[in-house]
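Mind having a look at this structure? Questions to follow.
For clarity, chains are labelled A, B, C and D in written order, and residue numbers in each chain start from 1.
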Amino acid sequence: MIFASDNWAGAHPLIAERLAKAAGSYTSPYGESDADKAVEDKLSTLFEREVSVFFVATGTAANSISLAATARTASVIFCHSEAHVIHHEGGAVELMTNAGKLVGVGGTAQGKIDPARLVSAMTRYPSTDVHVGQKVALTLSQATEAGTIYTLDEIRALTEIARSEGLKVHMDGARFSNAVAALGCTPAEMTWKSGVDILSLGGTKNGCWCAEAIVCFNKEDAAAIPHLRKRGANLFSKSNFVAQQFQAWLENELWLDLARHANAMAAKLADAVRAAEGVRLAWETGGNQLFIVMSDEKAESLRAAGATFYDWDTPAGMESAIGPNERIRRFITSFATRAEDVEKVAALF
Amino acid sequence: MIFASDNWAGAHPLIAERLAKAAGSYTSPYGESDADKAVEDKLSTLFEREVSVFFVATGTAANSISLAATARTASVIFCHSEAHVIHHEGGAVELMTNAGKLVGVGGTAQGKIDPARLVSAMTRYPSTDVHVGQKVALTLSQATEAGTIYTLDEIRALTEIARSEGLKVHMDGARFSNAVAALGCTPAEMTWKSGVDILSLGGTKNGCWCAEAIVCFNKEDAAAIPHLRKRGANLFSKSNFVAQQFQAWLENELWLDLARHANAMAAKLADAVRAAEGVRLAWETGGNQLFIVMSDEKAESLRAAGATFYDWDTPAGMESAIGPNERIRRFITSFATRAEDVEKVAALF
Amino acid sequence: MIFASDNWAGAHPLIAERLAKAAGSYTSPYGESDADKAVEDKLSTLFEREVSVFFVATGTAANSISLAATARTASVIFCHSEAHVIHHEGGAVELMTNAGKLVGVGGTAQGKIDPARLVSAMTRYPSTDVHVGQKVALTLSQATEAGTIYTLDEIRALTEIARSEGLKVHMDGARFSNAVAALGCTPAEMTWKSGVDILSLGGTKNGCWCAEAIVCFNKEDAAAIPHLRKRGANLFSKSNFVAQQFQAWLENELWLDLARHANAMAAKLADAVRAAEGVRLAWETGGNQLFIVMSDEKAESLRAAGATFYDWDTPAGMESAIGPNERIRRFITSFATRAEDVEKVAALF
Amino acid sequence: MIFASDNWAGAHPLIAERLAKAAGSYTSPYGESDADKAVEDKLSTLFEREVSVFFVATGTAANSISLAATARTASVIFCHSEAHVIHHEGGAVELMTNAGKLVGVGGTAQGKIDPARLVSAMTRYPSTDVHVGQKVALTLSQATEAGTIYTLDEIRALTEIARSEGLKVHMDGARFSNAVAALGCTPAEMTWKSGVDILSLGGTKNGCWCAEAIVCFNKEDAAAIPHLRKRGANLFSKSNFVAQQFQAWLENELWLDLARHANAMAAKLADAVRAAEGVRLAWETGGNQLFIVMSDEKAESLRAAGATFYDWDTPAGMESAIGPNERIRRFITSFATRAEDVEKVAALF
């Protein structure tokens, strides 16, 4: 009953098989193999546009190097105040952007940036003022850290504000697949058709061992990335091992099937929460993450029964909705979550 | 007939199998799984000392983050003038060390630092002079970029000079296994018993898909590395996938068998070079790299027959030994090199 | 009628004379002259403790290099959300701290950090969590950017919180003299006796041409600064020209006289505001800065008459207190402000 | 008898007077005063071209920020192996260029880069190879660290090589005035007419207290500098104090008179060396620096008599020309050197 995170699972059997099969062959290193190129082609097809693709080792690398591609001197990058990039990259964004600054923009407690507050935040960084640095980018997480999913209209509202002032737009797609599956839209619609310039595309949380890619929708944004990636110590020699994972992941829409499965498991768990008396959803989510308000006793009893999940800080403004003995708990499902585990944990609610 | 580099191969079957087997299980992420711990234990046994182990994505990451662990403000790090760290890390060492400086110290054309020149180079960086920065470390490559292998005495001569002035010593062990196999010594003898503080231990070039580790022989040197690695975008979530590779690699001394095989293939090829008339060794080497002087016609005919290998810049001082129509060519063998391929290419000499 | 900023003035005649007198003599460069040493001695006397003093070129340098002295990998530094260090150093703090992160802690609209919010902010950065970076320092501005002045008790409340978790405390003293003059305390009481480790001591805004110093109250905090300053391109060769300014500034408490004068001019102007009908103080301040609510017409008429001052963003939470046609205007007095100019502008209120 | 360095003197009386006179007036801060603009205009006239001028605090700042203006990701910058920028900026160039790398190119022992070796060094950094970084600039010192002065033809030979591959050319003009005076050419001829893009123009060593400027000959090279300077903690608030120094320095060619005086004093001292028996010039120089071979006894007796000068490391390749009891000593003259001091020291030779 592992609901701690979607990075606790191993790899999907089809990914593992593919790797095993490829182990015996030789390929050019450093991203120049046929398989690397094949993944770029497949992603170009998937995104309905010629894209540039760069494999990196971690989601942190994808985010920080993507943002570095937008950087100038004294860069200012806007994100949600609770975004992963501002709280959980351990200084990587600042390092890779040559000492840039992330500015947290308020929004809903559930992880979405408020357009009015983005406008207001941007106002404080006029291009003519050397003291405040240079605003260069907006980054959105889709799905958000709070498990919610921006609608296409919500994305567009934000990207239009950013682009109107010349900012680049990055999307942190660590859970990109789950968001696409939840919205039922196309990858193109959720990205460049909605104003996104660069995407961190995460495969690791959705069935791969280690498959993260930076996807650029314009050639000029991609120009610096080969150097940024090498300097960022993220250029794999045997990049074929990532390419093979992505090949299997993209084949027959495996990525979408896996995301749909994870989302379905989360929905099943949410239904159980709604049906139970002692627990409730802190807010509605749409992908593979649930935020459940639960008493300490209940949480303890679940853990004693073998369930893993994290306690979550109560977002500012929600304090009054959480009882003295209660706390928000984060449950995440993945490609590997089994219906029986959902049922087992649900039975304990 | 792939002799281009030891990173062109895939993974050894035992590594691939291990990965496939582990794919179905759950583990704690970010280096905290049982398998991560098990590898640390195994390496402590191998090195006859309690070591701290940090997996990273690339050899560049291992080198740059290791050196970052030795950094202070305005760091100066000594290396051979032709070392990988100074010429081929694409700025990663400078970035991770917070804008440190690598100082190339001359030595033999065959990649070994000359102790007298190290002394002389260090003299120019007195601790009392704020203008020159702070000397913090010496880094050695073993095997060297020129395929040669330091003897234990040679290592000790250099590390003693460095340590006498308080410098830390790092060893770039991208081809650590080949060097150990060539010297017939223990891993402990080649590292901390000879004055090495931090090791970049490379598994990727010797049978793994992606298995690089920083090995610290003292706790205090390891203290900053968790933060440096995360900031360096090199903290894997599913670190189990590296742990599994290292597990298989360390089991029954697979790593040593694979290195011995690669070395034997190189020796076999060297014998063929010595026996042939039209080609000759540029210098003697000891592991899995050969530097062969060959005419352009010969090189072309080998390539036409399907052999891959790189042209190599003639080291300073050796110009007169290379004919007008000749050039040095680098041949590298690996765990995957087959005797028949060596024979095939040898037949063309 | 210059009330735009205290950096619009030139230098006090005694400072200028001193410089003229020193021009003809030779001294050792790079901070090693007798005059440099003499200033350090005088400041040790002033602060009732042996201090280490480092001249730098700008307040930005003093702040960013002071904070760099507290930095580790992936540093997190707490400050008021509206502090100069987070909004107006143009990326210098991030650069000098090797890509550190400033975290704005809320507080009063008038620039003071709220202790409870500091506690709460610090909670989110546990030392055991590599993903969030390492919290290393708290920085306070005294006087604050909003013209208010922390009481000694308020300073101690904050420094105790910071120090209880091992954080260093820095004070941005760009207007240190005005704060000391306003509180009527000693420099020692306002700094190390209240838990401050490192001070940016500003002379430029209070009578000097260019005299900024980092003052360390403990030797160990000072150890890295010579290298940080040189690397930060802030080591003057003819440091004697700063030393001479500080000599004159410290002689016969000139610094305190000048600050008292500036404060008195601000108090005089505040009295005029209180007496006038069409303008009012946005909040009470204590040094040489005033924040005056004024209609656009009034502001325009003052400017037409030759007064200079800046418009100020309405702090969050104060919006309802400012009328639709009104705005907050910042007036700053200095050592050079003449009573007649205060009277002239006051007559226009 | 101060011959230690040209930064031991104070300021020229005309500079000091100008500062004293300006002390009483108000000006806009941060480089936007009329005086700042006036200096830019005067320098545009001097250089026969519209130039962009940025005051900074130190020669280190001028060099490191100039080079930062040429930087891209993983920058590689070529300089003489003994250049100030590679040996004596204490990490500032690396920091400001976002962790760039300086590559020392051999040349004459007397500080001039050899064109053939520049070509050869550049060959190792092909644009297509992500592993080696990106070559972005060449930097020349004029006068050189060894006191020699490039002829215009020598400058052009090097800048043509650099520009043919798209590199920017920077000139470290810490002793620009002395070089112009020595060559008898115009400032324009020695810079942009000879292929220089950005100049570090030093006033401090030639009569000012603190007057260093970055001079850009093309607008596009200047675009990033305001941000680089602010981020580099080198944007003076009371920049008027630098502007006033430069105003006086440029008036009636004071700068050239002072440089001619310093050069004449050096020439007079060189004549004395040639006439003396116990000392000799290590090599011929052309500006205000002399390198004199002198026995330890002689050096000691001069020092005992009150002369200051530095010992100098024997350049590689010159060892055999220096006796066992001898050493090279560097003597520098300045605007403030008096003929009688030259005569006094000469009498001791």
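We adopt the following convention: a contact is a pair of C-beta atoms (placed from the backbone, for glycine too) under 8 Å apart; a residue touches a chain by one contact, two chains touch by 3 or more.
For clarity, every value in this text was computed on a predicted model and none was experimentally measured.
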Larger contact count among A-B and A-C belongs to A-B
Find the chain most remote from chain B, comparing centres computed as mean CA coordinates.
C
With chain centres taken as the means of their Cα atoms, state the distance from chain A to chain B in Å.
34
For chain B paired with chain C, centre-to-centre distance based on mean C-alpha positions, whole Å:
50
Centre-of-Cα separation between chain C and chain A, whole angstrom:
41
Please set out, as single numbers or ranges, the residues of chain B touching at least two other chains.
73-74, 89-91, 95, 98-99, 130-131, 133, 227, 230-231, 235
Counting only contacts in the complex, chain A reaches chain B at residues 2, 5, 7-13, 15-17, 19-20, 22-29, 56-61, 64-65, 89-92, 95-96, 204-205, 209-210, 227, 230-238, 240-241, 336
Please give the residue numbers of chain A that touch chain D in the complex, ascending.
30, 68, 72-74, 98-99, 130-131, 133-134, 224, 226-231, 235
Sort out for me which residues of chain D touch chain B in the complex.
73-75, 87-91, 94-95, 98-102, 124, 130-133, 313
